[in-house]
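In the two complexes that follow, subunit A is the common piece, with subunit B as its partner first and subunit C second.
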Partner chain A sequence: MFPELNNLLNTTPDRAEQGKLTLLCDANTDGSFLVHHFLSFYLKANCKVCFVALIQSFSHYNIVGQKLGVSLTVARECGQLVFLEGLKSSVDVFFRAQAEPHPLQFLRSVSLQPSPEVHAWEANAENLQPLYEFVREALKPVDDGEAAWRCPVLLVDDLSVLLSLGMGAVAVLDFIHYCRATVCWERKGNIVALVHDSGDTEDEENNILLNGLSHQSHLILRAEGLATGFCRDVHGQLRILWRTPSQPTTQRDWSLTYQYKIQDKSVSFFAKGMSPAVL
Partner chain B sequence: MESVLALRGLVLLRDSVEWEGRSLLKALIKKAALGLVYYDLFRDPLNWAQTGEALPGGPLGALQAMCERTDPGPVTVALDSLSWLLLRLPCAALCQALCAMSRQHACRGGGPAAEQLCVLGLLHRELHGPGPMGALSSLAQAEVTLSGTAGQASAHMLRRRPRQRPTLETLWFSVLPDLSLDLQGGPPLESQPHPDPHTPQVDPASHLTFNLHLSKREREAKDSLTLPFQFSSEKQQALLRPGPSPATSRIFYEPDAFDDLDPEDPDGDLDV
Partner chain C sequence: MAAVATCGTGAGSTGSMVAAGSKNNVTSFQRRGPRASGSDSSYSRLVSIAGTRPSVRNGQLLVSTGLPALDQLLGGGLAVGTVLLIEEDKYNIYSSLLFKYFLAEGIINGHTLLVASAKEDPADILQELPAPLLDDNVKKDFDEDACNHKTAESNIKMKIAWRYQLLPKMEAGPVSSSRFGHYYDVSKKMPQELIEASKWHGFFFPEKSSSTLNIEPCSLTHGYIKLLQFIQNIIYEEGFDGSNPQVKKQKNILRIGIQNLGSPLWGDDLCCTENGNSRSLTKFLYVLRGLLRTSLSACMITMPTHLIQNKAIISRVTNLSDTVVGLESFIGSERETNPLYKDYHGLIHIRQIPRLNNLIYDVSDVKDLAFKLKRKLFTIERRVE
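Presenting the complex of A and B:
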């Protein structure tokens, strides 16, 4: 995790809030550093983490995690981390018997032209219910009554790829809705999800997904590329938006913007125009 | 905000990502609720759990059933959110259901529907195109659009009354932690933003390798300089009449075969 980002968000692993949905969003840049931050943050906070990783392999996250001081291998072995490696298990979907449920079985049954007449509450193959069942099972509280882990956390990297794989935006919103009901509300856990903002106003599905999730989120972290182009010393700009401030103050300091530079093992943040390389 | 509570019919609360409307909806529910009936469609709206407790017909069926079960008298129905329904139902079906609600309630109660039923619907502006938004607007008796400035939320209320002009009113408000509404009189007096506490107070000109400041002599020289393209009348005359200067440059020109040399001065008709 990045200590400077913890300072900006006014949080530490010991005092992590519960029951929150955090939306990570990137536009014209790569926001995956935020995913690595939250993964290591919640592992250090002694939370049980279910990581639905659809973009990179386990070893990729493990290597970055080691730079940030967590070992995903150890966490997985002791049961703190449940890791769904999308790249590997998507192949299993096609070599398994059809009757066996699989979290990614929508890959087999997605049609190219979903019918608009199909109502969401009728049983059909074009929803993410198996994936939700996987998450619910992974974050089930242990039966022995002792809370081994602090709270359950669902991390998804990322949701936009589900649109590319043929799911509709409403199906992905339904998946997050059910995850929120179970993880955030019932089990007082947290959800962190990454969505890409392509900036393409014609991509209606992605815009519906992004805006729909924004309205459900408590905290939105938006990594943007600089408007003026690429820079060696300033890699981008981070907008932090608190949607439901936990303590209403007279001055609603609910939106902050910082610029950042990603280094080998950390990310440094500074106010706009105040990069040490420029001053 | 009493004027909002006095409304009947469909009231749209249009919010955005930056200015959320759920807390206002909760505050209005709290003010209006005499006996609150809560329909929990959050945990399992699509009946994935198959527990058998789900209402038939899903959320749309629940909406239709809701009004059939209530007693005649003033009723407030709060929908969190209309956007959820609009994303999953055809717009026409939702509009018909909303119209049918007010009609059914009017049939049961003694008075006209306008006196009896208030439907508060939360609508997220960015999620829908102009078509569905326009359709719902045309059904609504009032629209409350949330925005704000300088940390203060505002509600722009557009009310449509039959046979009267629509009225527009702006209220500045905040929702307190106990869900009560705090109304402010007008826009915040402080228009300048608070200084960002995270910005370090650094003077950018303090550690530079070049000098940005001017000495007194340099400043005087700078102020007395005439700009090259600033035309005073003397400069204009000097340019137009070159005057006797024998060693000035001349132009030697050899016309080629296609040149059409007109000996007449083209500026001859100018009186300079």
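Presenting the complex of A and C:
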């Protein structure tokens, strides 16, 4: 959790909003610091978090989380965090035959031995339903009546990888739609998802995904590399866009732009051109 | 390993090309912390793996790429558990050289090698490896004791001349290299006894592909499936991930080298058409990275990205790899006769460096890098106008 980013977004862990879809997007730079921010933010806000981590291992997030003041191992043990580690599970799914359905079983749409039974898997290959079931199960409200955690949060890092793994853009959009219906609307929780913006390389599927999600989200944080190239003191530019997708646009969308520099344990933000190195 | 590095060279112990590196060689024993590293195994007891050192930045275990200049640009070396993707130059001259440096470094350090190729037999690739630089003309400035001591008959463990520890008949103890990153002489071949003493596995796709002609209805190309199974088999059988109960957990690194991945020789039509099977390569990279993250291995892949028709795939492949380096050689291009570039053989682009266990990463300030291949040295330097 970066205190400066909290100030820019005008939130604190105590006053986290509910029922929102936040889209994180990066273009020409690495936007993973935003994922670390939201992970530690929601853990500190005492929310139940389901983290679908497809791109890095658990220990990576754990070590960075410790720098930001949360311990993922403790959170996982006490049930606050449900962590799906994509890289490790992919090896299990791909090489060892699984009896019970696995959230990443779309990776198994590969015939390791040519046989007629293989084609039975093809039916499940084209949608992310098992993954949605996993999320729904993970964020199920506790039945004993007392709310141990504030609100459920789904965090996905990142959705573009699902395109690389064989899913169509529409399948991923459907998945987010189902998750929104369950998590945001039914259980008044939040969703945060990271999508890469491929920029000028014409990745049509990625553009479909990005545009579709931008249209649905309440808050878009877009980390961009500087247009003028690499700079040691300014690592990039962050555009924050507040939207109200479901209401008639009586109030206009509102956006802010800041430049940032990532340090070892925090990120500092400043107005464009006002980097401390320049002043 | 640290003990061998400190003795003998004394004040000249900053002999490794990265300034901070040797300091870590000296103090690496004290740096052990209880924190888990990027690879899931807690390596606090694996301090003594030859050819590795912890990173300055985050304690991540690093191996050398075989090219000390490249190690320096990548923040000290290649992290164990990650993928280094080399985007090949147009005629695959310098990228295959980097590939050979990587494998040669593995042999010198005693790592296990896994060589996969669809074009050349791995046994032939290993015969072509460059010889390590034994005379220390390059290091003369740093070492006090030049390796002119030809007291080869002495069976006392020579403390300074690491060259004697390389040759099996000389050394009294286990073969271990005291340096991180070695230089290679491209004009000479690696001595046969070193190759034979090393442990390696080869995957030559034309031999391994079965003769069945069934069209795979799935999204992964046949060659990639076979390769993944082969890699997973080696990792499991030899205990690099510690999951096999019958094999003791390995205390060595597995260096995986895959040549020309994505070329049509692997059965992938990515380089032939624009609407080819675009998911196959990316899925392969994802599962490969999953295998690497859970085992003590490091991988170098060379890929002919200049042949890939669909540019979106390149950005997806970049996102799925950890470190990406692009090579651009001047051969055959109009830059060859350009006086600006006359001192160099090509440009090297560091396209991506991973941020492992960290928010920040080591990135050099210089983005304008050119390389030059001399017989004994592959230098990478800032392009001087």
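As a working rule, the second predicted complex is superposed on the first by the 248 of 279 C-alpha atoms of A that agree within 3 Å, B and C clash if a C-alpha of one lies under 4 Å from a C-alpha of the other, contacts with A are read in each partner's own complex, and residues count from 1 in each chain.
Everything below uses one rule, namely that a residue touches a chain if its C-beta (ideal position, glycine included) is under 8 Å from a C-beta of that chain, and two chains touch if they have at least 3 such contacts.
No experiment lies behind these values; they were computed from the predicted model shown.
Visitor: Once the structures are superposed on A, label A:206 by its partner contacts, choosing first (subunit B), second (subunit C), both or neither.
Guide: Once the two structures are laid over each other on A, A:206 reaches subunit C alone.
Visitor: Between subunit B and subunit C, whom does A:190 touch in the aligned arrangement: first, second, both, or neither?
Guide: neither
Visitor: Taking the superposition on A as described, I'd like to know which of subunit B and subunit C A:160 touches: first, second, both or neither.
Guide: Only subunit C; A:160 stays clear of subunit B.
Visitor: Touching A:274 in the superposition: subunit B (first), subunit C (second), both, neither?
Guide: After superposition on chain A, A:274 lies in contact with subunit B alone.
Visitor: For A:259, select first, second, both or neither according to whether it touches subunit B, subunit C, the two together, or no partner.
Guide: Neither: A:259 stays clear of subunit B and subunit C.
Visitor: Go through the superposed model and pick first if A:40 touches only subunit B, second if only subunit C, both, or neither.
Guide: It touches nothing on subunit B or subunit C.
Visitor: Does subunit B (first) or subunit C (second) touch A:22, or do both, or does neither?
Guide: Neither: A:22 stays clear of subunit B and subunit C.
Visitor: Decide which partner touches more residues of subunit A, taking subunit B and subunit C as the two options.
Guide: C
Visitor: Under the contact rule defined above, give the subunit A residues that sit at the interface with subunit B and also at the interface with subunit C.
Guide: In subunit A, positions 119 sit in both the subunit B and subunit C interfaces.
Visitor: Quick check on the complex: what are the subunit C residues that touch subunit A?
Guide: 35-38, 40, 58, 212, 214, 216-220, 225, 228-229, 232, 279, 282-283, 285-287, 289-291, 293-294, 311-312, 314-316, 319-320, 355-360, 365, 367
Visitor: State the interface residues of subunit A toward subunit C in the complex, per the touch definition above.
Guide: 30, 32-33, 36, 57-60, 62-64, 67, 86-91, 94-95, 107, 109-112, 114, 118-119, 122, 160-161, 163-166, 196, 198-199, 201-206, 229-230, 232, 262-265, 267
Visitor: Touching subunit B in the complex: which residues of subunit A?
Guide: 8, 116, 119-121, 127, 129, 132, 170, 173-174, 177-178, 181, 185-186, 207-208, 211-212, 214-215, 220, 241, 243-244, 248, 251-253, 255-256, 258, 271, 274, 279
Visitor: Which residues of subunit B touch subunit A once you look at their complex with the stated criterion?
Guide: Going through subunit B, the ones touching subunit A are 15, 17-18, 20, 23, 42-48, 54, 58-59, 81, 83, 87-90, 124, 126-127, 151-152, 174-177, 194, 196, 198-200, 202, 204, 207.
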